[in-house]
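Scrolling down, you'll hit the structures one after another.
The following pair of complexes shares a single chain, chain A, combined with chain B in the former and chain C in the latter.
Our next item is the complex of A and B:
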């Protein structure tokens, strides 16, 4: 087993009376590429901020590279790249000035990569950041996060304001410059096709906890929508169910993770019909 | 292998079929259809991952499983290529079926001469086929 890069235990966070994280446990080993899925407002950004020690949690702990996130040393900090959902860049600086500023904080800095990305992604290095478009700012935030070749990359909706070409450019950079280096990557996105292309694992955040974390291939291969009369659906054990059953006239359907043996068994029940599901179907039903 | 061969491949996210499986099926079809012949090189994992915008691990997984199936073979230092004739049969199903045609045509002729309904003949063939395998 690879060493754990992220280790979260019992994380809790409230905003006023509303509990967002409810004793969340989560572990991510080195070298994994994990997609974090959840509805709007599920707490994905809060989770990432608490995980990184940027936001104080009410209870529980997050360790990055074995160190408590809230008191991370400079050496560990330099191993992490983070792209927040809303990039807080210094708007009065130019991209060149911004990166020169950040460069001072990192022992390692990949100038060649930075220059290459600036050219390929067509960002004017000498224009005030305040005059850049939303997409250009997001690209700049990504360049900033990749510039020191981090070992852990955390991306909060990194492509939300990029057009399809920008998204494709970003994915190519992830594939060639990041995943190839065995970087641990955690990203949230609502663009499931991108997630499918990049993530080997998915985690679902729901009701303040990680409710499901598994290999994406395995999830698609084992999950089936089983439909039939309600009383026959009871044959699907609670432990196999991953969604709240949907009721229809005279019956219902539920998503279930079934071993090959169980799948063969369920297929022999004449009253039940079984169909494979896409990641989008999974997202809709698992997060409900 | 010329770089244009990268255009042979495609995957579509959003389907219930995992991407590595889509890629495996596609390579199997290309081999069966003759677009990829025994001895042909496959694109490197990196080139194909980049061209399809996929995690390289997905491409290696597909290649690795096809190697286990005997569809592809790994050549030391040269990457993956389509397995040769000494491994799995190089002919696709259609071509192999074609080899069977003469004897089936003769059987069909004799069945018609005996005024047998094709359903009975097919049932008998099925029985014989399953007995022998």
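Our next item is the complex of A and C:
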């Protein structure tokens, strides 16, 4: 097993009386590409911020590269790349000034990559950042996060402002330039088609906890919607269910993770119908 | 609730927002001073009572009018003005009514003992209108310079103009003229649709965002031009620092943006110094006399006052800049070489205190040089400058504190600082000139001691506080 890059234990965070994270435990080994899913307001950004030591947790601990997140050493920080949800940052600078500024802090800086991305993504280096479009600002934030070849890349909805071409360029860069270097990537997004293209694993954040984390391929292969009369649906064991049963007139349906043997067994029950599910279906029902 | 009541309720909300406990306390304290003077038989009772009523009223009215026009302008969006039936008309009526009521109340209270109701009414109404006009179009702020120049050149004889107006219109006529002028001006302030209104709204939104902790002023064409000619420009120094390979700790301050940059404070000192030296030189060479401008030594010293305004509000500006750059701080926090925890707080405390104290010292130096000019001991500017310098020193400690629990900056905070400065100056002069002649060295030593203790306490508080970056993250929790 690869060493753990992110290790979170019992993380709790409240905003006033509202509990956002409730004793969250999570581990991500090196080299994994994990997509974090959750509904709006589920606490994905808060989780990432607490994980990076940018917010104080009320309880629990987060370790990155084995060091406590709130007191990361210079060496660990040099290994982290982070794209926050808001891309409108350092608007008083130009892209060139911004990258020159950040380069001064990092021991390693991939100028070739930066120049290549600037050319490919057509960002004017000498225009004030405030005058760039939302998509260009987001691309610039991605360039900044990738420029020092991080070993851990944390992306908080990195493609929210990008058009389809921009998203394709970004995913291309992520696959070719980052994932192939065995970088650990954690990203949150609501664009599930992107996630299907690059994520090895998905994690669902619901009610302040990671309720489901598994390999994406395996999840899509083994998850089925089982529909039928309510009394027959009881044959699906609670441990197999990954969603709350939906009841309809005279019957209902539930999402369940089933082994091939179990799937074959259920298919023999005449009253039950079994259908494959999309990631979108999974998202809707698991996060409900 | 009908529309008028709803609008008045919002105005009351502005007043409540502006009326912090500190401001109220300050008002009451100021109100006590004339009563004490009356007790000591230094002032007639009628005048003392009038002043005791008028001072808190003026303080609260200033705080209100510093916030209300901004709020009203923000409501008068092109959509509201154009599409909501009767919205703009009602907003205009309520605002004009509040404007008239404020001016009348202030004039009535002052007139109780000083008389001159109409003159005071005109001044109060004009000041409130001027603030609103400046908020509508900031370039109007520069008009005071023209007025000052006109009154000093002899080219526009204001007293003659005022006398002519009064004889032509009479006191009541002047009042009516001001009301009509005010209504026209307020109608212009509250635009109604069109491209101009959209541009105005964009500018208002940027200003409001900046005041409430949005991003800092952008590199607009005007800013870039000013940056080019300003030798203390942020961009110029950033470029040099990057080329020279400064250490991460030295580069940290640039990450907080131009508003938190030392050059912003020192520029004011530099510009003021250049203006004063230029004026001195022009007077020495006889150029001013050729233009008919009379520039006495007291006026030269008074030229320091506009330069002091940014310093008066420097703690607010710095806090605001820190809050504005809180999103950027999340990235700064993750940079290698940036100190963490207590070490970061110490670096920031040193940095910001150093900015303010150096700017203060430079101003002190400039003020000291101007005191060498004849007549410094007796003119009205000297105690004002002394009081403002003392106020600056006393408030310098405000830049230290718990950045993690920083609350969003507000216009009321800015207004409060300005009002507090004026009240402090008033109290200083009153105590010094009216009540008892306090030896200046004693007052200065006392202020320096209080400032030092205050700074030490705030310093300890900052060092014990959680990691400063990102600022404001613990304000709500």
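As a convention for this text, the second predicted complex is superposed on the first by the 287 of 288 C-alpha atoms of A that agree within 3 Å, B and C clash if a C-alpha of one lies under 4 Å from a C-alpha of the other, contacts with A are read in each partner's own complex, and residues count from 1 in each chain.
One rule holds in what follows: a contact is a pair of C-beta atoms (placed from the backbone, for glycine too) under 8 Å apart; a residue touches a chain by one contact, two chains touch by 3 or more.
On a predicted model such as this, the values are computed, not experimentally measured, just so you know.
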After lining both complexes up on chain A, report clash or fit for chain B versus chain C. fit
Return, as a multiple of 10 degrees, the angle whose vertex is the Cα centre of chain A and whose sides reach the Cα centres of chain B and chain C. 150
A:239 contacts which: chain B (first), chain C (second), both, neither? neither
Give the label of whichever partner, chain B or chain C, reaches more residues of chain A. C
Taking the superposition on A as described, I'd like to know which of chain B and chain C A:192 touches: first, second, both or neither. first
Could you say whether A:277 touches chain B, chain C, both of them, or neither, answering first, second, both or neither? first
According to the stated criteria, A:33 is in contact with first (chain B), second (chain C), both, or neither; which is it? first
If you stack the two complexes on chain A, which partner ends up touching A:165: first (chain B), second (chain C), both, or neither? neither
Please work out whether A:175 is in contact with chain B alone, chain C alone, both, or neither, and reply first, second, both or neither. first
Closest CA approach of chain B to chain C after superposing, in angstrom, is 28
Chain A residues where the chain B and chain C footprints coincide none
Touching residues on chain B, where the partner in the complex is chain A: 13-21, 46, 49-50, 52-58, 61
Touching chain C in the complex, chain A uses residues 14-16, 49, 52-56, 70-72, 74-75, 77-78, 80, 82, 84, 86, 88-94, 97, 100-102, 104-107, 128, 130-131, 144
Complex contact set, residues of chain C against chain A: 215-219, 234-235, 238-239, 242, 245-246, 248, 251, 254-255, 257-258, 327-328, 330-331, 333-338, 340-341, 466-467, 469-470, 473-474, 476-477
In the complex formed with chain B, which residues of chain A make contact? 33, 168, 171-172, 175-176, 179-180, 192-194, 196-200, 216-217, 220-221, 276-281
